[in-house]
Amino acid sequence: MASAGVAGEPFFALPFGDIVNYFTPYTAVLFGFALLFTLICILSRPEQQLDVVFGTDAYYAKGVTGKELRFRRFMSIACGCATMAAMVSGDVFNFTLFVSMVGVCIIGIVAAVKSRHVLDAAYNYGIIAIVATIPLFGGAAITLATTGTLSIWELSAMASGMPLIAKMLIIVGVMGEGIAPFYAAKAELFRAPGAPYVIMIHVSSLLMFLRVVEILLTV
Amino acid sequence: MISGYIIGLIVVFAGVALTFSAFLKERDDVHKLILADLTEIAGLAIIALTATDLAEALIIPGLVVGISELLAVSEIYLTREKLFFQPEKLFTIEVMDSAPGIMGAVLVIFGIILSGFTGGAVAATGMIFYFLCKGHKERFSLVETVSAYAWVLWIAAFFTFMLAPSYWFFGVMMAGGAILAKVVAKMSLIGAMRGESNA
Amino acid sequence: MIPVLVCAGIGLYAACRVVLEPETPRKLLYLSVLNFAVAGSIVLLVPDIMALFAAAAYFVGSTLESNAIASTWAGGVKRT
Amino acid sequence: MLGELVNIFIAAVLCWLLFIVVDVAFGLPEKGGVSGADAIASSVDRAGGDLNGGSMMGNIVCSPDASAGTLLAACGVYAAGVGGGLTAAVLVFIGNRICHDPGYAGTTGAVLATFMVYGLGMAGITAAECIAGMVIAILTIQGISHVQASRLLGKFWGWRT
Amino acid sequence: MTPELILGLLLLIVGIAAGAYPRTRDYLDRLINVEIAATGLMLVLLSFNETISLLTFVAVTALATAVLIRVIERRSGI
Amino acid sequence: MIGRLSRYLADIDNLTTVYAVVVVAVAAFGILLLVVSPLSYEEEQLYPKSIDPTSPLNPYERGGDPFNRTEVLAQYPENSPYLGYVTSYLTPLSAFFAATSPYMGTTILTHPGGIIDEILYNTRGLDTVAETSILFVAFAIASFLFRREEE
Amino acid sequence: MLVELVIAVVMGLLFLGIHRKVIARIQGRPGPPIWQEILHTLKFSFKETWVPRTASTLLYVGIIAVAMGIWTAALYVVLAGGSILILFGIYMLHKMVEHGVGLSPGSPYAKFGGIRSVISASSEIPLFAVIGGIYFFTGSLMISDLVAYQADNGPLLLSILPAAIAMYLVILSKMHYGPFSIVEAKEIVSGYQTEHFGVWRAGLQIGDAIKTFVLLYAFVLIFVGQLGPVLLLVAMLALLVSLSFICAVSPMLSPYDSVTVQMVAICILVVWLGVLVVIG
Amino acid sequence: MMEYIIAIFGIIALIGAFTTYLRTSPFDKLIGVAIMTGGVIPFVVIKGYLDVAIVIALVVPVTTIFMLQASRRGMR
């Protein structure tokens, strides 16, 4: 069972075959937060972004409407679902899969924006998201090969646990999908209109990071 | 005594380092995309070295993630650069008239026999080859709808396994068929997206 | 075992000739020898009807490949 | 050991004769079937060979002709007897369709070769040796000297017309 | 260490070197070099008898090629 | 110095470079670690492979009769009450292949049934859900962009 | 339970007032009275309030509840001796409040605040290495365990100084007028809070107050240990005054520089901690 | 005997790989890929996975044709 020192006792487990999702106080808090923001995404209408035309007093409103609105809402809901699943996942590989799914969804949230600047950031972020899957899956695979299991419960009960190199790989992977020194792309992505959806980008990567810290301290 | 696993791992790590070192100097966006494809290969090798059935079950999701991200990012690239024009059909070779039918049929039939994601990928290769050579006007939304329903079917199959395990047989058939349909539909649209306008 | 060795040896020879040949279309001639050699070895290595299919698939596939390369090199069919 | 090598040599000669005869009879040297075959022919021609011989070599590269038929028929007989040989003929036909070729030479060659290999089996030369022989036979045409081979083939074509 | 594994790792590293540092800066050049690495991985998978993954990988490589070719084609404007 | 560093990090075009530096460093460290103190390969794996070259189902022969259980080493067997049923099942078509030729193992076991389907659909079904969802999402992005440019 | 909450709010607002006062005095200004922030909050609560027409309504309003909710939760976590991982989780989630508040009104000024908050987020990630260090030294992350550990082994402040400095930096980056507070910098009007006024602003103030209180309290608990009420208050005040001093004398850094400085500083601390781990 | 055969095909595959790397014309490179495939397929066959060999043999030309589509501009 997960050690109580890091995230509290697990109080509820949801098994899907070999993949057991569990809720500790910590993961439950994160799950709740992801759920809250997903609900906001579903229910809220996007804001109308006002832009000042430089050098004049004029300003205009950029709205998010029609097809684009529906598409981006769908993407942010998918992103929220993936985040929720990653929060409670009790399996290393499953976690990495959901992290990559968050990466794809983040690209999707801003892909519909027509601004070249935002698309440029999305493209660079996308490249990072692709290559970040290598450290992620690599870390999970090395864990499997050297310990013979992927379940976080089993790993935390083990004396040796996850090898150092696997931990490093996973953290580098999550860094790539998420934040850390690669904030430039995120900041540019944030310039896109559509507040509830854009915020989902950061909600998911922050939560992802919080979760991976817990995993790495546990195993 | 150093085992084969360690040797393999060292070689693959060297490969990963080598691929990423190419990123250091690369400024061209398309080159970056191709390099990302290359890194996928190096990454899969790490999983492959584990050599159990489970490792194999992990490679397949890894492959899917790679190809789907590649698809999305390449499309973003095209949108960003506004490269919308259709390539003109200036050029053909004889085999492009004769081969696609038979090769496509063989691959698709084999893919249907295989079923699951593997079969979907094989059949999709056949379909893309066909569309690429013949050029095809396609009902885009119809195919998308089919694949969306296939996705729903697969989710239903998953819950069959989890909630009513005694119907496992039903679940296997549904899952295999649904993923096949889904993957074929999605991937073959690449071929359609490449070809002539489907307006 | 002698026939397989003969086939493999010829394959190696053909591969070397392909590498040494400077002109693209004539590389394809040597390549076809390699195809013959490999297709032969496939069947000789596994005497089964499936091997026949494999050999045929390989042979047809590589012939198609050569055909495509040669035709593209020649500039394809000029359409009006 | 030595006997095996002699058998391979005999098989090579017989296969060589068979596929040359069939190919020439079906007019392969006349012109290239596809643009790629023409390109190869002109390349051989430029190197000092014969254009018709080059066309035939190009056609061998670009689609399964009688030589491929012979090889696959030998493979078929080796794997599954006469039935295998006829299966191979069907496969060669399909291959021809894929490669934009009418496909009469290959199929005819495969059918004839099936019976020849079967007959040679009676005479003590196994199908495996026939496969090796066929590979040697194709080597002599495509793999030693293009110039000489194309001139030789051109001469055969000259006899026919 | 079976011969397939050795050959596979060799091809993998050669292919990665080729893909990472191609001789010309042509897109196609690099893309074809990637194929070498793919063949190497194919052999690695083969040496561990992971044939279903092998099948999937072969097909997916072809799909990825199609996707990338589409980008290259439009990029170079043919 | 700090100003230059922060300007460099702030440029999105340098993102891949920065990431590549990190990964190369980690990989180099990994090689070093592996050479100095090699990891040991754990022999007790889940879902181990057993190769039986003579079986027509090679390399996926895991035993068992159709509609019956076979032994599969899963992580939490108690969560999958029908574990082993999929592994041992062969569709009629696959049974026909298996009886016909010993060289069709992969085809047979990729057809519904077999150990990989057991893992992918049953014990680790959530992986496949995630995987297909990723494909779904990625494709939705691509087709949305594609169709928008058509209009 | 409610009593603690009220105390935390009042104390937090008071702390903010003291913060302003100290800065003003150091800079040779008279400064506002220390209960100014309490009055502010009360005043805002009774002002006329509406939602801007361009705003995304639900997010605009909901984010206030989130701001108050997460810090209330953090308060109870600290009081109950819960995991500091949860505390830091909530600290990170506060970023979301800044983004939400900044992006939801649709105003470009607020948006700049939100974007800066994204930039600054990356500097706090390495902190988790610090948490790892604490975990390595004490074997637990529950605050109650840490308190017990310090009762036995003396304050952690001395044994793992780098971790303490790192947390100090974290608190500093959240104080107003500090060198790292790019999010609330005055050059972008009121930063992310620009478009929230009236009751909404009062809510944000309350959240801020609880945040200040919780962070100071947690610092004392984690690195000094359990103290009596008076001593605790003194320790928190001392901490606050030292923070105000730094805020008063240091210049504001440009956004990207601020992040880089923080990151470099924390990386140095992490290396230091690593050295400690290796020696220990 | 078998080891010689394996060695020969391994060498063929390596020759193909290096040709692919060292040539610069796309046609020559694709011919290199074809040589490499020819060297690799016997390995699959020796292991006894003939169905896999069939698929590889069919998919590789398809990939080549995809690539040729992009190389048509650079005809000589």
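Each chain carries a letter (A, B, C, D, E, F, G and H) given by its place in the written order, and its residues are counted from 1.
Here is the rule we go by: contacts are C-beta pairs under 8 Å (C-beta built on N, C-alpha and C of every residue); 3 or more make two chains touch, one makes a residue touch a chain.
Note that this is a predicted model, so its numbers are computed, not measured.
Counting steps between touching chains, the shortest path from chain B to chain H takes 1. As a whole-number value, the distance joining the C-alpha centres of chain A and chain G reads 24 Å.
If you average the CA atoms of chain C and of chain E, the two centres end up 21 Å from each other.
The set of chain B residues that touch two or more partner chains comprises 5, 9, 14, 16, 20-23, 32-33, 40, 42, 44, 49-52, 54-56, 58, 60-61, 64-72, 74-79, 91, 93-96, 99, 103, 110, 114, 117-118, 122, 125, 132, 161-162, 193. The multi-chain contact residues of chain G, meaning those touching 2 or more other chains, are 259. Within chain F, contacts with two or more other chains are made by residues 9-10, 13, 16, 19, 23, 30, 34, 39-41, 45-46, 49, 59-60, 80, 101-107, 110, 116, 122, 124-127, 130-131, 133-134, 137-138, 141, 145, 148.
Under the contact rule defined at the top, the touching pairs of chains are A-B, A-F, A-G, B-C, B-D, B-E, B-F, B-H, C-D, C-F, C-H, E-F, E-H, F-G, F-H. Across the complex, chain D meets chain C through its residues 1, 4-5, 8, 34-40, 43-44, 47, 57-58, 60-64, 67-68, 71-72, 75-76, 78-80, 84, 87-88, 91-92, 94-95, 98-100, 128-129, 131-132, 134-136, 138-139, 142-143, 146. Interface residues of chain A, counted against chain G in their complex, comprise 4-8, 25-26, 29-30, 33, 36-37, 40, 43-52, 59, 61, 175, 179-183, 186-187, 190-191, 193, 195-196, 198-199, 202-203, 206, 209-210, 213-214, 216-217. Those residues of chain B that touch chain H in the shared complex are 91, 93, 95-96, 99, 103, 106-107, 110, 122, 125-126, 129, 132-133. Across the complex, chain F meets chain A through its residues 9-16, 18-19, 22-23, 26, 29-30, 33-34, 39-46, 74-76, 79-80, 122-127, 130-131, 133-134, 137-138, 140-141, 144-145, 148. Across the complex, chain C meets chain B through its residues 64, 67-68, 71-72, 76-77, 79.
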